[in-house]
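Each in structure tokens, the structures are laid out below.
Look at the two complexes coming up: subunit A is in both, with subunit B in one and subunit C in the other.
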Partner chain A sequence: MTDVRIDETRTSERAPRIGESAPRPDGIPKVDGSFTFSSDLWHDRMLWGGTLRSPHPSARIRSIDIGPAVAVTGVHAVLTAADVPGNPAYGLEHADQPVLAADVVRYEGEPVAIVAADHPEAVRLALEAIVVDYESTVPLVDPGAAESSDPIHPDGNLIRRIHLRHGDQDVVGEVVVEGTYEVGMQDQAFLGPESGLAVPAEDGGVDLFIATQWLHVDRDQVAACLGLAPELVRLTLAGVGGAFGAREDLSLHAHLCLLALHTRRPVKMVYSREESFHGHVHRHPARMWYRHHADRAGNLLRVEARLLLDGGAYASSSGAVIANATCFAAGPYRIPSADIEGVVVRTNNPPCGAMRGFGAVQTCIGHEAQMDRLAAALDMDPVELRMRNVLASGDRLLTGQVITGTAPVAEVLRTCADHPSAAALSEDPMSLPGGAGRTADPEHVHRGEAIALGFKNLLFSEGFDDFSSALCRLEDGIATITCACAEVGQGFVTLAQQITREVLGVDDVVLTPASTATVGSAGSTSASRQTWMSGGAVQAACEEVRTTLLTRVAAEHGVDPDELVMADGRVMSLAGALDIDLASVTTEPVEADVEFHHAPTSPLDEYGQGDAHVSFAFSAHRAIVDVDRDLGLVKVVELTTSQDVGRVLNPLQAVGQLEGGAAQGVGLAVMEEVQVLDGRIRNASFTDYLVPTALDMPPVEIAALIEEPEPGAPFGAKGIGEPPSISSTAAVVAAIRAATDLELAHVPVRPTDIALAGA
Partner chain B sequence: MEAMSVTFARTVDDACAALAEHPGALLLAGGTDLMVGVNRGQVRFADVVVLDRVDELRGWRREGDEIVLGAGLTYAEMGRGELPALVPALAQASRTVGSPQIRNAGTLGGNVATSSPAGDTLPVLAALDATIDLRSAQGARRLAIGEFVTGVKQNALEPGELIEAVRVPVLDGPQEFLKVGTRNAMVISVVSLALVVDRSGRNVRVGLGSVSPVPLRPADAEAHIAGCIDWDTGSAPDAAAVHRFAALVAGAARPIDDHRGTAAYRSHAVGVLARRALLRAFPGGAS
Partner chain C sequence: MSRTHITCTVNGDPVDFLASDGTSLLDALRDELGLTGAKEGCGTGDCGACSVLIDGRLNCSCLVFAPEAEGTEIVTVEGIADDDRLHPLQQTFLEGAALQCGICTPGVLIAAKALLDANPDPTETEIRYALAGNLCRCTGYDKIVRSVQEAAVQLKGAAR
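Right after this comes the complex of A and B.
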């Protein structure tokens, strides 16, 4: 046993059911400071851990001398690659990333050694005392040169190439438009940096308390690196301060466990903000070329595209990201012919991987710019051009897959476009471009408006069986749910309770801490999948408990189980003869343990064809921006959105997802870029990696939440987390184009791109 | 490890005595610069003298045509009460700094002592020809702001010395502070400009931020525009005069390329700010 406590989530008032707003139990504690984040974990006997990182984007390690560090007072362990007992490397798709670099470093900030000491100051001194003899080598920083350069990794510089070809390849349109676009590297910029606490256990294993997105896959990777059986590595979710994809890969997990097992003491580690920028993957920077073909009436005939993503030094989830970028490259439109090549390569830049929107964000910027270009070439209204081509249920994607679920794309676009705008030009200088800097007067402001449409897949694709598991136990009228779903802010803790109440008619629901020790995998909290997958698992577990209980009660009372219902903490017969307190029939617990799987998918073939995806979600954003062209400063004045949601389960949280996702989209449009020069991050701090403030983020107007229940999804609800980040950026950038008449190929749009465009 | 000493000074004399007793001690005011350095491991120290309990440093007073601003004045304090009417550009600059939390903690003295090219009060102080009152156990001295700031994060502060106050004139004429950042609030300046009009002195004075190692005064631009204004009527300069003023300001800038902006953008933007500030100060002029 350990002294570390992770609280369960509990509610008992007459609490919200499906479709009602359920406030988050962690909401107020997060605002008033009482929430326990992973960085707040504490153990009386704990040591502090720290990481020595490579100062070079590319170097050979000639030698490492840990002697001077070991000699520092208070130091308990200094470990290098030689101390990793199991797999020397890990990775989500390929185990290509060293736990600790052995003889080469491939990106700036790559971990080289780790230290445990009795005080953070001793950790700092020890890290400074480690002597690493590097032979710096020329870094490969141009993704365009990666394939023709010497391999920087035994696995080669090409991570994945998909060459999708669909339909008649000889089609040429009457109207053809071409464009090149570039997207910078975005950071997830979660507020709670990487942190965790590892506690060595009596049985030779280790307990790791950690903020993460997928406990079980972390466990499997960590156990492999430690050379331990997976059961000996137990992960429990600690308070997560945001994730957005940045916690899908391992960061300090294996390091903490190595130090704890080595010292036989609990070890805690917390990254600094700067370290965090080096310690997790980012959104892939993209270079994209597009050519769209249409007839004079505006029917899309063919899309050609070349997509190049920079994966950075290690593969992470790059293979799945490029699959998404390729499959969704042309947007939610009906297009009979396509030639899309998606390539993701390895470089000595910071590793890139999962981030909200996962490949579809970059391409939405490309395809929507193309749609606007095409509308201009056809002299057609951009909304009408899109309306003419939108996908609908029954249509075929570029992968050849027919959409069998819902696809209310026309409704999404129409409701967003038709929503009235409230945006007047403000007289308040704070509300003009430049904001608090007082740079603009109203006469310097040019307004632009534009709309963008986007989509992506829900759940994992290409044959992946990302199931979820849940346990339900009903005892003394109280339901207890156990599921390893990582709550990273998406709202599973409220949803799991709402679903349980809905199915079992109870108010008292306890959600136990998410852990690998108590239940099977829930899959990742990513791909907008947890409401569907873990929500589905909870629903199925509760339904099984209900069936078992009602069958038993029916037998005891000699009635038909179909006659019985559970509501308001009672079991009742529809006819009204039977009305029993639930607690009295559950003194002996009723339990269910289920695994929930989605419909199977298949891999993409060599032409990028196949039924690779489960389901799709669509969104539209309309942006109104004010631009100070002389200074290149932008104020996003209004953002209106419609989204295909299947069904709203918790209105309050749905709005939260739409607002938060759009804020990240606004950030990418106008300010968020990890600037990498010669393989080095120049702005690894919140002083210089800017995210939107209240003066940068306009209110989000929700024009419509389109509720067409999705077959196969619990209660018909689609995942809603990612679409808000997809079409928002494209809409804002398009609105800036409209305000400036500039092409603006680079996203985020920088002040100089506007102010010095003519220079 | 040696013991660390922390002195909570109550008077300026206390603080000077503590500095004399602990050479190398660091002064801590709002901590909004210092603690960032400490957290990053860039600033290490054994002794600290804490200034925020020194009442003498916390207020401001008028002495004839001068305002004496205590080094401990916070940005929030410089933005309220009568100060904004007396030294408008300083209040405007204060509002552009950081977030409410930073403005409640960060001080004028800390901004001056940090002497960053991006320090937002510095262009204002340069334009106002401010003087800096320094004190140590040995005595007091007064330096012009241009003498005080000597380079990027470098200044004339001697060991054992602290900033007691900043003196600025009360001028007859409009004042403007404008700051460009890549975000609409809470952002380090990419370029900034303060413009103050002194009707009785018949001049327009300009301070530029983030375009050179020290806050810059574009002397040619100032001389040019002073000559283009009819000081008796206060009429606005004509379009050509405004244009030339902006060009001279832009030409005076000595910016660098960095991750916050390019030199070319900074030179361009500072010219735009010059033009806008001038037209706000002399409305009705050429636009």
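Right after this comes the complex of A and C.
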């Protein structure tokens, strides 16, 4: 193939509307192997690219000698920082991360040079031949020491501090509980490592085919680094093998474009799994201290907290992550007084940024452990304590913001807690912790059960003018939707078709490839925002087409447009007098081009107060675990969940989000931690970084999807992607505590935390 | 780099290609034969995204050297449909929403096929054991397990 083509997504043969379990339109190519993921891209003239990375977490670069690499047979380019023509640095919030390190490296794995050659083997030889003279320096690896240490970056070591104070600061409770908690670094572990293909264009620009979460913001950053006008850098979405936040930042984007422009040849690059661990940001590790105050009846009076996140070497989206952690630090409870300090700092550890749940995952582990502690201190049932304090619509958050949308927190908690449990104690040794049938002694296996509640904001916050764009074209009875929303697996393509069918009453819906070349920004596939934002844009575009068409048809037939409906591929009058085939009235295309904005928000003030968020979603998980005290092994036996979803647009897909998110939560609870020692990742492989398998995951029981339509959201649907990974970890950890009576301050819970406790 | 001439059968078709000794079967399938269905998720035998059948047995093609494929019969995800008719597993995965991003799917389908070929009536636990070598980061596995169960029912019905 000489031309890279990303196929349109055609309609599936059946054409279900809103509320039905429409199958994915990209499903057939995904099951027959023909779907083009970014790693599958191919161009007959292409070169292969590769990246030389720093072996040191902190070092000065004295010199780089590319001579021996250039001499390797088959090498077409070896580039360093000196070859970056535009902005030398990029970043989501601050452009603080070098495209290629120039004189300093600040984390292990930081890109230092890039290579293009005609064969992957030649790339490997060239990377080995580059001589970099490093002067290794002592890395700053303790986030607690970051603020008092010499700055490791011109921007300083403090990335952001928010000191939220709410209500009367002198409140002291009759019952006070205090706790310290620690969360390890989690990797998104998407299954398709970073990859892409850049093709130089005749106009001096470049076309980049890439797996990402936000095409337009990538485009702007890449163009700035290349020193090109944004319209000369065209990004098209190639198949995305999962994202979960790890594709929000640039990785190989600028590198590929630099190599393609330099060699005037298409260049493909694919990260290995090990490289992927170094090539994207992770979930921030957290240290958290909490003090909860309540009266004897169990009413929460005040929460104090100190949150410290390790941002690693570069800012990425750390500023927004710490805002979320701070705003949602105390959980979905009514609390009149609070003092929460959230701090995120720079260190020489791997950079951290977005991952599903975005700051609310770490704090949920903290606030839910505190609620259980408080329940114990009050000698109260943990569910009852939570029920007494849950937020409802009309209540005030710690930021002073009043919840104006739906907040069925009590229903979420009640349905989850009341759901019958099917988990009997297993007789089968294969089902005991360890699973191999010969490890666990059934006598020493203890069962524990617990519940956790969590929440977070939907969409972007703090005054960001967030929008999505969509084009709708209706011609010959076929609707074509163009939207740059990144489909990363979540099923936006399915929803876009369902929404279009619902509004226009058509079956055939074509989705053109997502690209910066054809349409405005759709914003990021993150913050549980695309169903609302790009779904809203598609809905608005279709509605505008409907209005235009019906106005025209009404005028032609001398009827009132309000009398007309579109259904089943026809335009009909309610009275039944008119019934026209849609194709016949759309030989002339009807088009709309829409930008959809959500309600504006405000920044947080110096006290962390303000109407900073648009909407909130709530979830609960109940976990039942079996724990082998001798070996420290945990088996999650049952996981039950309820979630506030606004409205279900596609039941199977919605439940799929709940199941997949819960699995990532189980992973963080018991197995997933990027081991960073002296600034170096020690387990950059799936051999050593363990991700839950089908055997580690119990079936996820859906107790309830609470449908209270959210004002302002398309069809009332809230985003659903993140809550499942928020309360699941906290529930599993709490269940392990219940089974063992151990405090277990560190998450994930390690076997030694259990087996060696008290030893 | 010395390159070996390799002859084998892929998805029923005789093929031959050149590969250096250090090339994995996965890279040969993807880069020499253009069969990109099998994916590299880890390159270390841990994720199963590269699963193929070699002479009917489930293998991680990232761990097999291309020259080892000499004379074998290989089946990849591209070869499990019956011409235009999807394999029952492919059909139940579609209908059961057993895939999201879909990058694990080719490997999961091959592993599930290997299971059902050997054991047409697996229990849920047997399915979970058989698929424990295939990581999926998106689905949480429930819908995959249900879809394999459903395909097993359909295949048994068809065999009757």
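Just so it is clear, the second predicted complex is superposed on the first by the 745 of 759 C-alpha atoms of A that agree within 3 Å, B and C clash if a C-alpha of one lies under 4 Å from a C-alpha of the other, contacts with A are read in each partner's own complex, and residues count from 1 in each chain.
What we mean here is this: a contact is a pair of C-beta atoms (placed from the backbone, for glycine too) under 8 Å apart; a residue touches a chain by one contact, two chains touch by 3 or more.
Here the structure is a predicted model, which is why all the values come from computation and not from measurement.
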| item | value |
| --- | --- |
| Which partner, subunit B or subunit C, touches more subunit A residues | C |
| Touched partner set for A:727, first subunit B, second subunit C, both or neither | neither |
| Which of subunit B and subunit C A:695 touches, first, second, both or neither | both |
| First, second, both or neither for A:40, with subunit B first and subunit C second | second |
| Touching partner for A:272 - first (subunit B), second (subunit C), both, neither | both |
| First (subunit B), second (subunit C), both or neither touched by A:23 | second |
| First, second, both or neither for A:659, with subunit B first and subunit C second | second |
| Touching partner for A:515 - first (subunit B), second (subunit C), both, neither | neither |
| Touching partner for A:671 - first (subunit B), second (subunit C), both, neither | first |
| Contacts of A:756 with subunit B and subunit C, given as first, second, both or neither | first |
| Set of subunit A residues, in rising order, touched by both subunit B and subunit C | 272, 430, 687, 693-695 |
| Residue ranges of subunit A in contact with subunit C within the complex | 21, 23-24, 26-28, 30-37, 39-40, 42, 121, 188-193, 239-244, 270, 272-273, 428, 430-431, 488-491, 652-653, 655-656, 659-664, 685-687, 691, 693-695, 697, 699-700 |
| Subunit B residues touching subunit A - in the complex, by the definition given at the top | 36, 39-41, 92, 95-96, 99, 176-190, 192, 258-262, 264-265, 268-269, 272-273, 276, 280, 287 |
| Residues of subunit A touching subunit B in the complex | 124, 272, 274, 430, 433-441, 443-444, 630-633, 635, 670-671, 675, 682-683, 687-688, 690, 692-696, 750-752, 755-756, 759 |
| Contact set on subunit C toward subunit A in their complex | 1, 20, 30, 34-47, 49, 76-78, 81, 86, 90, 93-97, 99-106, 109, 125, 127-129, 131-145 |
